[in-house]
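In order of appearance the chains are A, B and C, and numbering begins at 1 in each one.
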Amino acid sequence: MKRLLISIVLLFSLSQAQDSVLFIVPAEISGGGATVGNNWADGVKLAAEHINAAGGILGAQVVTEVLDTQTDPPTSKAVIAKGLEKNPFAVIGPVYSGSTIVNMVEAERAKTPQWVGSEAASITQQGNQFIFRTSSGQNGSIPKVTKFMKDEGINSVVIIYVNNEFGQGGRAAAVENFGNLGIDVKLELSTEQQQADFTPEVLQAIMVGADAIFAYVNEEESARLLIALQQQGVTIPVFGEAVLLSQVVLDLAGDAANGVAGHVNLTAEAPVPAVQEFRAAFEAKYGYTPDHNAMKGYIAMFVAKEMAERVGSFDKLAVAEQLHCSLITTEDEPGVLMDIAYDENGDIDRDTFLISIQDGKQVVTGVLPRLKNTCADQ
Amino acid sequence: MQLQFFVQLLVSGIATGAIYALMAVGFALLWQTSGTINFAQGEFIMVSSFIILWLMGLLHIGLVPAFFLAMFISMFIFGFLFKRILVDPLLKYGDVPLIIATIGLGMIIRELTRIFWGANALPFPSLVKNKILIFGGLRVGTADLVTIAVAIVIIAALQLFLNKTFVGRSMEATAQNQDVARILGINVDRMILYTFLINAFLVTSAALLVTPKLLAKFSSGETFGLIAFMAAIIGGFNQVRGALIGGFLIGIIDNLAKFYLARVHLPFTDITLNLSPYALAIPLLLLIGVILFKPEGIFGRKEERSI
Amino acid sequence: MVAGYGATTILNSTTIEVHEAALTTVIGPNGAGKSTLFKAIFGMLPIREGKILLEGQDITHLKPLALLEKGMAYVPQGRNIFPQLSVEHNLEFGGISLKNLQETRVRMEKVYEQFPILKARAKKQAGTLSGGEQKMLEIGRAMLLEPKLLLIDEPSIGLSPILVQQTFDLLLALRDRGVSILMIEQNAKKALGISDYGIVLQQGRLAMAGTAQGILNHPEIGHLFLGGVVKV
């Protein structure tokens, strides 16, 4: 009798397993990166819902298991290691570069593809064949902002960056590109993750009298920085990247964000129909405007789906191999929202946007077309 | 030029310090009158800002009425109930169980806040729309000025209450020597309750002033609690004035240190180092110095109690 | 009565009597429970067994405020002022049980007449007073109530001989005005010398009671203060 019961349970779980495919979703659900991680996880969950509604992947229903990294690198490593014991098809997340740097070895060891929202340059420079970005890394996007700043007539700049993997990578790329463009970096200010008050930095920046501020800190810190700039009455222009220009920062900083400009990989304001459809669905489900991280999480799921379908199975090794140097167009898979090309390292190439903040809203001021310089287009 | 920045830093340091002072004074008051070291102080502040936001949304009222309502709620929960349910039953077992209980309470408040209001930071309205005033070469934001003014009015009112009214003096007496206060017929228990209510009022005020700049976030209580604790130790645990000055000191030192450490020029070289990441060490060094050399706090007095 | 701290018993079936309008001094070795006795009488410690009567009225479990209202005042051992409050505000607390600030102010003036030094220092922080002045302040604060019964614990401690004499004179003057005084003193000889009655406490029990003269002349009293035990 006991045996029979056990076999029934086993059979049941086995049949379940065949009908579903597991994605583990490490994300910054709590801790300093909570805003980011929840956007990411919500994007992933929405994608899973859409995929399942359309019949799943290769007939299997998508199951997502969100794992809270607490915005803590060692915790992220631990939860991923634990999650990998369940033999998921893919790891979707996390976002914080500092976490990804330490946890990506786990997925690599388990030969499981991992899509991350992280942008630190070093992530794709270590020969890891299982790591994939969902937005261009700093090496891809920072040259675009700095070029934009040069075009705007900026000749000197103060860099305010956050002292973590993400900020240091951004700072290094920015310094290099400003140098190439002949923009004088008058001052570099390092700030802390979870820093509360940015007044001293702001006053430093005014004192050196640069043409512009280039801000490269995380979401909540970006908002606090903008509020501090406004409180000190700073009028010099502020430039930045996806984070600074994200919806979250706009919501938090209110009118302190007006006038900020820069370049983003993705934006819910993108004049692209698929993006607008995604945004509407997201807002209907969660009641807030998705930021770029929500879009990245959503896209990651559809890239994984497309690759499983191209390979024809949930063969993780084959998926990872195949994705390098692949182009996925919106005709192949509308869920990727915009054509996306992967290079041999897991970096991507996609259309990007120039943005400025007006009346508390992102306004797209230009579209920078895909560079088509990766192996996917050769 | 240099002086102008110094003054500007000073002003914003005073604004931050004034808020820290509010956090620290209540913390010190609780300690003095009831021996409670409240490690949930930071969470009281943090959750007060969420209560204000919640009331604004729920009742469609402005910031100021929401603040006053929140103040009563906070007085009831973090004043009256906190004392009756947690402090009174535990205090007779000494300091340690109560310390542990307040740490636990802080964690519970943090988690509940996360569950009810989410992990994301929320924007928080400020009392005034910031305008930049220019005095000579000095630029000062009205936000900072209003923060300083409100904090100073609250602190002055508290000082007047403590010194100029009989009830206030009875509270001071209770803080200075509880046994003697009891012998003289002071209703010690009621005086202690008053300090809990005052603390609740102070944390709500601190929340009102600090959150527009730092955003409402479930995890920010940890920093606030640490600051209140540090300010109280640095200034002197056993004196309201000590905690007050401790709060201002941390606000100002923190600002100045970050600013001046950002570009430290090594003498005889052209090397300039950015030591601002280590700015936090300065209040910490001060704290360690105080603990080692003047454990009663810079402005505190040595305990002398008998009976 | 039986009383003590927490589970420990210090006063074990201690019975004493205080005479009206007389000065009664309690003596006994360190740790005998003298101060504990006062705390128990004044409602600062729970009384587990026994009764305390004031003019025949049961006051056993009354709180300090009620006792103050009944005309008792207590000046504990050591420093009992609020060092950071002014002398004036310290004195003011003597009148809490009157529940009448006007009346308190009137009586404060009377205390100032007795202790002009307190008036001179009225606005100063009490902590800046000398030890003797602080004791004056405490006694003045207790006198403000014009109590029927004054409990005073080691008033002479830390005072110069002149001040000790002044303090004793003050207590005698109070007694002459009809106040009953129960005093604890280390300086047994001197204290009993001016007292009407004496009580010897030893290990929480009454060892001896009687007129001050009788106790002073008791053959075993000297023995007691050399650390021995009195056999009664």
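Methods note: a residue touches a chain if its C-beta (ideal position, glycine included) is under 8 Å from a C-beta of that chain, and two chains touch if they have at least 3 such contacts.
Since the model is a prediction, treat every value here as computed from it, not as a measurement.
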Any idea which two chains share the most contacting C-beta pairs? A-B
Computed over C-alpha atoms, the centroid farthest from that of chain A is that of chain C
Approximately how many whole Å separate the CA-defined centres of chain B and chain C? 42
Between chain A and chain C, tell me the centre distance in angstrom, where each centre is the average of that chain's C-alpha atoms. 77
Approximate Å spacing (C-alpha centroids) for the pair chain A, chain B: 37
I need the residues of chain C touching at least two other chains; which ones are they? none
Chain A partner, complex, touching residues on chain B are 1, 5, 8-9, 12, 16, 114, 118-123, 130, 132, 139, 141, 143-144, 212-215, 217, 219-220, 223, 254-256, 258-259, 262-263, 274, 276-277, 279-280
Touching chain B in the complex, chain C uses residues 42, 44, 64-65, 68, 74, 76-85, 89, 92-94, 96-97, 101, 127, 141
Which bits of chain A are touching chain B when the two form their complex? 29-32, 34-35, 37-38, 163, 187-192, 194, 196-197, 199-201, 203-204, 206-207, 219-220, 223-224, 227-228, 230-233, 248, 251-254
Considering the complex alone, what residue numbers of chain B touch chain C? 166, 169-170, 172-173, 176-177, 179-187, 239, 301, 304, 306-307
